[in-house]
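Encoded as structure tokens, the structure appears first; notes follow it.
Residue numbering begins at 1 within each chain, and the chains themselves are lettered A, B, C and D in the order written.
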Amino acid sequence: MTSSTPLPAHHHWVIALVCVDQPGIVHAVSGAIVQAHGNITESQQFTSADTGRFFMRLQIESPASREELTAALAPVAERYAMVSVIDVVGRPLRTLVLASTAGNCVNDLLFRHRGGQVPIEIPLVLSNHGTLRDLVGFYGVPFESLPITDAASKAAFEARVIEAIEDNDIELVVLARYMQILSPELCAVLEGRAINIHHSFLPGFKGANPYKQAHARGVKLIGATAHFVTSDLDEGPIIEQNVVRVDHSRTPAELVAIGQDEESRTLTQAVTWFAEHRVLLDGARTIIFK
Amino acid sequence: MTSSTPLPAHHHWVIALVCVDQPGIVHAVSGAIVQAHGNITESQQFTSADTGRFFMRLQIESPASREELTAALAPVAERYAMVSVIDVVGRPLRTLVLASTAGNCVNDLLFRHRGGQVPIEIPLVLSNHGTLRDLVGFYGVPFESLPITDAASKAAFEARVIEAIEDNDIELVVLARYMQILSPELCAVLEGRAINIHHSFLPGFKGANPYKQAHARGVKLIGATAHFVTSDLDEGPIIEQNVVRVDHSRTPAELVAIGQDEESRTLTQAVTWFAEHRVLLDGARTIIFK
Amino acid sequence: MTSSTPLPAHHHWVIALVCVDQPGIVHAVSGAIVQAHGNITESQQFTSADTGRFFMRLQIESPASREELTAALAPVAERYAMVSVIDVVGRPLRTLVLASTAGNCVNDLLFRHRGGQVPIEIPLVLSNHGTLRDLVGFYGVPFESLPITDAASKAAFEARVIEAIEDNDIELVVLARYMQILSPELCAVLEGRAINIHHSFLPGFKGANPYKQAHARGVKLIGATAHFVTSDLDEGPIIEQNVVRVDHSRTPAELVAIGQDEESRTLTQAVTWFAEHRVLLDGARTIIFK
Amino acid sequence: MTSSTPLPAHHHWVIALVCVDQPGIVHAVSGAIVQAHGNITESQQFTSADTGRFFMRLQIESPASREELTAALAPVAERYAMVSVIDVVGRPLRTLVLASTAGNCVNDLLFRHRGGQVPIEIPLVLSNHGTLRDLVGFYGVPFESLPITDAASKAAFEARVIEAIEDNDIELVVLARYMQILSPELCAVLEGRAINIHHSFLPGFKGANPYKQAHARGVKLIGATAHFVTSDLDEGPIIEQNVVRVDHSRTPAELVAIGQDEESRTLTQAVTWFAEHRVLLDGARTIIFK
């Protein structure tokens, strides 16, 4: 959280925490909240049968400062070896957007962001092409393009990504149809804080031009998957998926257009949930507290 | 809860509670659960901005008996003036089904019940026609029919409903296309424990033969609403709704068939949630802890 | 169709026709197409059991000019007393957009239009507020605002609408959250060529602030209906409907945001189908040849 | 078609045909229909850009007998080298159901069949287990079980399948969770007239226990695909697909239950369309004239 964010008189906090499951956690956490004169307005929890971990997301109203709230929770966090986040509800997450030439995901994200539906702020859209300069500029968001033509320019682009993350206190990187494979080094840097989008089909198709393959097989549903970036391409933990029905009359080009719509809304949804601290990781799975 | 239900060695309990919202409730409730050596495995809560009420549903694992658990919670319930339910997870709710001649909802409910998806037990299906005798019998469920032809026979039918409720410790009454308007007296008796199903359209249609009206207007979506029975016909608190897409080529008869499918799955879903204590009332609204 | 539209060497035509149903129509129409050396690439038909009318939409490839094609079809059209349209596939329909302050529907329409998904051209967006000037301008579309504050200024606005229709050869008027009730005179002028969008609920709600009412009743689905404008407010023939699932935790403000999304995509869909001559009227119903 | 089916005074016919696309087909076909004093009540066509083939499905009302209609169409069929089917609308297709122990698909098919929604007749359900004997018997359908325990008993089962097809003039074989891999020989015999159902995920999973894998990856959508049986396991032309949303809280067992529901409704839908001659093959794709 940036220290300059002004707080309301009565603070509205979000708390997300993960630890090994055992009896008494809720009692301990809610005790700390009582101590901070907090009132729980939203609470969700889940215990993973796979990993034995306990996940919790709370929203509370409390007159406490960040320091007071952190202090109240500290003994509990220590006792249960919790990983926890404390944030102000609605604080815009500092987000770097990586793009290429396709505008659908970027436009959907920026339009809904401007409409107040996506609690992020975007210090920069960084692209390997200049195509989207005007679109991004219309929304008053800084735009920068750096061509990628070979290994050296790709390394330069990724160096600029890391620099932009540091310069802008970036908390989330969104790959909005960035279309480039990230280096393993950058994947490692971004672990757990970068979201990608890709098309999805039943059944899945490997290799080039999947929409053409989907057309050739006559699939009846096409969709999109938003997932965390990992070094295993397109195999990171899934955050959200959507599909839409198609029929035999659709050309491959129409399938692409339909798929892009699904990609846009799926990516924007995933970013929104992440920015609201609703996405928690449980190994290869996500816990989504909608 | 019937006292004869055998309990597992380690009990799995569901607790649902409602009270006026104020700080400290979660801490107090979780403290009682710690006292009963319980571990919370599922928890959902909601504070209604409309009524200021707090709703909570918990599932816990605890070695405590019902008496021990009730005793542990009693001081909390008293302090916060809670309305609460304590039950064994998965205990089949004793359910009376009222039907008429249409078999779709009854068959869907009985088939899924037999498949273990609906935690109810059905001591009786009561109908004003004999049409469904064989279908109900196939599932091994008792069936009884009493004709309704005038005010007197209707009063006799409703008297039999009340008698059946008492004789069988009925906790839920399901109107599975019963098609009769209940008397205000019976509505009052059933308040908060009877679920009805009816067709739904965009826009709504008043009067006779709504599917014909829907056809005449060329609606593109038809659906179903499951709701609590109140004396205000078809206006009780909504539990679940579904719709399905239709087009101009559908005849009124086809709209009816499609609508019946939606009614079946919507009613079965609502019954399942109610039986799992996931449906709580907040005035004219329902809180559904899925 | 504007005479300046350049035609491809091999023309791709759309033909839509309506007449009283009787044997031999398809044979007669396809004979005229054979005469025009045409090949049918898409064909849909429907006979209304309600009105006895026959509806057909064809796409054909033919080297014939408009005059040759019209001449080939003329004897058939006369013999069966057909109402018919002949147009070039993909020709952008000249569309006037009426708006107010809400930007969601306008942005969705303009963005998808720019992406080539909506075959229209927009000579003007006319609004009773200046709010959307920058948004519309970004897409390079002319924008004009005229305040409506009383009966006189409303009449002036409507006079400007009629003038703009005439000056720009307008074929379709889209009410993209225009929010004003049209006068009966304007409704009459626009009959069959103006599309409106409004929110939709199960059940329907009359009166002010329907989202607040929907919240109060705890509806589980909210949606939108795109329909033709008639003098009977919100009761014109339905073109398209969509719904989305909501739950008890949604505030009235969130319901509004969700509803606006449904409105946007539903309106854009209806406009696209209309521009492709896929929407035919059968009394109070629409036949949609998707 | 079985000769014993009584025809209505005024026949309602369905005609499905496939040939290489060229100008004049619709005119020629509709001319033959005029000659048979027929009136077209439903018509759909599609030209495949992939294979250059033309597909058409018609429903007509005509006083002609089958012989007269066939004679009228014969010159057209010959001229365009058509593959065609002529059938009475609604004639129940003779269908053999293969099952194993799972009852969901069989029950859905039999219940909807009894309700008049699926135009088939089922002379036999053949299973490798006796589990479903009572369920099938309840619907008045013959049931037979033959255990499969080794290669010899599997060959005997398949021989019985072929015998049952011949003895009962079977036109469609439905694998309603039959769970056995068919021999290449049987696949060849059944080509184009056997429908299978299997679960589907985004992304797809290979190998055993896919629901467990889907759980481990935390998929948000699970579904089902109905497809033609080919010797390439689970890779035959797709007829219908459905998905349903799931979240992190679902156990693998719950995913199985949800998946079975999708399988049931997807299979029944595919069977219905096939029985209505709405499913045509275009290489590896299906054309579905809904």
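Rule of thumb we're sticking to: a residue touches a chain if its C-beta (ideal position, glycine included) is under 8 Å from a C-beta of that chain, and two chains touch if they have at least 3 such contacts.
In this text, all values refer to a predicted model and were calculated from it rather than measured experimentally.
Colleague: Of all the other chains, whose mean CA position lies farthest from chain B?
Modeller: It is C.
Colleague: Pick from B-C, A-C or C-D: which pair repeats the contacts of A-B, with over half of them the same residue pairs?
Modeller: So the equivalent interface, with over half the same contact pairs, is C-D.
Colleague: Roughly how far is chain A from chain D, centre to centre by C-alpha average, rounded to an integer in Å?
Modeller: About 42 Å, centre to centre.
Colleague: Averaging over Cα atoms per chain, report the distance between chain B and chain D in Å.
Modeller: So the centroids are 37 Å from each other.
Colleague: When you check chain A against every other chain, which residues touch at least two of them?
Modeller: Counting only residues that touch two or more other chains, chain A contributes 42, 46, 249.
Colleague: Residue numbers of chain B touching chain A in their complex, please.
Modeller: 21-27, 30-31, 33-34, 37-47
Colleague: Considering only the defined contacts, which chain D positions touch chain B in the complex?
Modeller: Going by the criterion above, the answer is residues 42, 103-104, 107, 111, 115, 117, 138, 249, 257.
Colleague: Where on chain A is chain D touching in the complex?
Modeller: 46, 49-50, 200-204, 215-221, 223, 225, 237-238, 240-243, 247-249, 251, 282, 284-288, 290
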